[in-house]
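In the two complexes that follow, chain A is the common piece, with chain B as its partner first and chain C second.
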Partner chain A sequence: MRKEDTVKLISAEGFEFVIDKRAAMVSQTIRNMLTSPGSFAEREHGEVTFPEISTTILEKICQYFYWSLQFASGKDTEFPIEPELTLELMMAANYLHT
Partner chain B sequence: MGGACSRKRDPQVNEDSLQRGVSGKYCRIGSSKWLGTSISRPALDILQGRGQCPSLMELCIYKIREDIDKYTTFSMLPRDISQQIFNELVFSQCLTDVSLKAFQDCALQDIYLGEYPGVSDSWMDVISSQGVSLLSVDLSGSEITNSGLIHLKDCTNLQALNLNYCDQISDHGLKHISGLSNLTTLSFRRNNAITAQGMSAFSSLVNLVKLDLERCPGIHGGLIHLKGLTKLESLNINMCHCITDADLKPLSGLTNLKGLEISRSKVTDDGVAYLKGLHKLALLNMEGCPVTAACLESLSDLPSLLSLNLNRSMLSDDGCENFARQENLRVLNLGFNDLTDACLVHLKGLTNLESLNLDSCRICDEGLANLTGLRHLKCLELSDTEVGSNGLRHLSGLANLESINLSFTAVTDSGLRKLSALSSLKSLNLDARQITDAGLAALTSLTGLTHLDLFGARITDSGTSYLRNFKNLQSLEICGGGLTDAGVKNIKDLTCLTVLNLSQNCNLTDKSLELISGLTALVSLSVSNSRITNAGLQHLKQLKNLKSLTLDSCKVTVNDIKKLQSKDLPNLVSFRPE
Partner chain C sequence: MSSKTWDLFLLIHRFHLLMWKTLAKRSIRSGGLYRIVYMAMYIRVKRSKTTYFLQCDPTETILDVKQKLHTLIDQPINDQRLILVGTGEILDDSKTLADQKVENDAVVALTLRKDDNEFEDVNIVRPNDDFYQSRDPDGSW
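Let's look at the complex of A and B:
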């Protein structure tokens, strides 16, 4: 995959997730960051930092992005959510419009 | 957040009631109350399975719903998230007095628990803990008592409160809400205990815009306490038999009133005189009141009046000349009055009329000539009149007509040709014994039809072939007895159908159910008095939207329907035999 087709999502602890840009765009918030003229750094470097989202949660969110693409292509599987993550995941989902 | 005061509320009060006047269509199916969404609870769309991908937020909410016992509090969540969880639990009926506790101090804005099972005073502690965030509460149909209402005292930002059908609330309870001066909407439908004395609590609710006391039989003398509520725009005291002329006197100064509903009260022409100064009045419902056409004189200077309901009152032709001054009227209901063609002459100039109800009036073909200029007419109700085929020619130019009811008229097949050019027509009621297949053949150009009622018409299998032209049909009734399974073949492709009534066709067999098994949009199905058996029920499995199923006088047992309900049709709420 070419570098310009990926984005780097960085968690509060500094952990980096390099994922398919199409997957990341599932989030309306990330889509805006990567496309709006106001967010120069994100657009230029394809990098978004989330100082309020922990590594565990961000990993789960990345999994959801890919699950969502699969869903769109007709593959309807269950997306597992661990009960202990649910509340934190919701707050992140709320922020990411996901 | 300062959203509490600025939030927009549904402005649909008046349109809502106007609408009711237009489509006052009644349904023979006993379960009709389930067909409309009587209470609309906010809920997430359940999109899982097919179509749109569920959002991560939705997936999380479903997950919480599954494990709700594991959560003790949601108060750390932002308000809008806990609100979504709350709404989902209510919608899926998973909220209990135990799980409710997790919502203590969540700053929720809306608590919609109307008709929710099990709601009682013990729920009020958590409800009131939302404090000044709380904007609207619906506890209709609950066991809430007067002492339960004490809790609401601190929810001072409350704008809307619905306590319909709460029969344990009486005058004492009203005292507790008298301090909620931000209330704009208040509703106490069907409360037997509220009296004039308790209504004094309303006098401090100075921001009240909408008050609903429908079916409160004890409120005579209490409207005096509304005198100072000058912001009031809508008052519903329908079905309050105790209301007399004197009760209307305190309303004479409420000049912001736009909607007034006093149906089935004792109000006479003298009482209507108190309404003379209500210049903003747009909707007046006096159905079943002992008023005569003389009351029109009091209404003649109300420039905003758009909707007037005089159904089942004491009108005769005498005094009907006053209708001529109501040029702004859009909706006029004159059904079940002793009116003749002589009255219709005075409606000639009401060119803004969109809906006219003449149900069971003594009008004839010649009278309809007065309607030819009512070009905006969308809805015309002529059921049970003396109108026949000759009269229909006067309607053929009313190009905007969307709905005509000709049930129990003398109209015959040969007259129906006159309707064939009414291309806006969506709803047609031809429930009359003399209508046959030939009549249907004349209507095939009406491809926009969504509702067709041929209840008593003598339609046979060969007539059903014309139904193929009505691809948009959402409701269809053919109960004249002439159909067999062969006719149902022509119905099976009408996939928009949500309501289908084929009762009284005693030759229909299980084969018919098989034929309609693909009509998955069906919400209501009736095939009573037929040869349907238990074995046929299996064909209904795919009708997941079915809420009502009527199979009276068939070889079908309650238990088999119940089995079908629990296994395959979770939405089925009403069925017969029961």
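Let's look at the complex of A and C:
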């Protein structure tokens, strides 16, 4: 894995999550940011800041990206979601088109 | 070769071409050939406020993992120490992830060698849990 193949997602509190681009692209919103020509500064730095998403939720989302890739390649496990995170997670998922 | 077999051959050839074109189109639309990525497991390597999600395989050694970290953070392998957070065990370079019961989604702490040649303590900053309450004191959305 090369550094260029990763993307850094930054939460509201400034915590950083370095994940594989292929995982990040599970999100249509992030995919658009990383692949649309020009305009997005995110594409050049490989960093996306989410001032609206808390660290706990962003980590859960990253875990979801990876789970989703594993699920797509045939690994049939459940994705655990703590009840108290559900609302925030749904709002973030809606924003990210995930 | 009779003309009948030749016709059949051409037909099959055309069918193949068509199939490949459709497949290629589909893979371009979905963002490349490898839309479906094979991934056996991943671990979360944490230090300070940063988390690295690393794809790996249970048969990989800790040295392989450190090599991957090296490409991401430019820290020499000898200056990295990995500790399984669940048990507090220092992970051994020569052993595999499976050997040391590092499972999918496991959290591993990364510590680096300090200037005095000792390793720093585990340092993982956790987010403040009441972030949403503090941002929104009256509790309304």
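Just so we're on the same page, the second predicted complex is superposed on the first by the 95 of 98 C-alpha atoms of A that agree within 3 Å, B and C clash if a C-alpha of one lies under 4 Å from a C-alpha of the other, contacts with A are read in each partner's own complex, and residues count from 1 in each chain.
The working rule: a residue touches a chain if its C-beta (ideal position, glycine included) is under 8 Å from a C-beta of that chain, and two chains touch if they have at least 3 such contacts.
On a predicted model such as this, the values are computed, not experimentally measured, just so you know.
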### Message
In the superposed model built on chain A, check whether chain B and chain C fit or clash.
### Response
fit
### Task
Using the touch definition from the top, say if A:Arg2 reaches chain B (first), chain C (second), both or neither.
second
### Task
Tell me which of chain B and chain C touches more residues of chain A.
C
### Query
Which partner does A:Ala72 contact after superposing on A: first (chain B), second (chain C), both, neither?
both
### Task
Pick one for A:Thr55: touches chain B only (first), chain C only (second), both, or neither.
second
### Query
So, A:Phe15: does it touch chain B (first), chain C (second), both, or neither?
second
### Task
Answer with first, second, both or neither: which of chain B and chain C does A:Ala23 touch in the superposed model?
second
### Query
Across all Cα pairs of chain B and chain C, what is the smallest distance in the superposition, given in whole Å?
5
### Task
Could you pull out which residues of chain A sit against chain B in one structure and against chain C in the other?
72
#### Entry: In the complex with chain B, residue positions of chain A that touch it
61, 64, 68, 71-72, 76, 79, 81, 83, 86-87, 89-91, 93-94, 96, 98
### Query
Touching chain A in the complex: which residues of chain C?
31, 34, 36-39, 41-42, 49-55, 68, 71-72, 104-105, 125, 127-129, 131-132
### Query
Which chain A residues qualify as touching chain C in the complex?
1-3, 6, 11-20, 22-23, 25, 31, 35, 54-56, 59, 62-63, 66, 69-70, 72-73, 88
### Summary
The answer for chain B against chain A in the complex is residues 49-50, 53, 55-57, 59-61, 63-64, 67, 70, 74, 76-78, 80-81
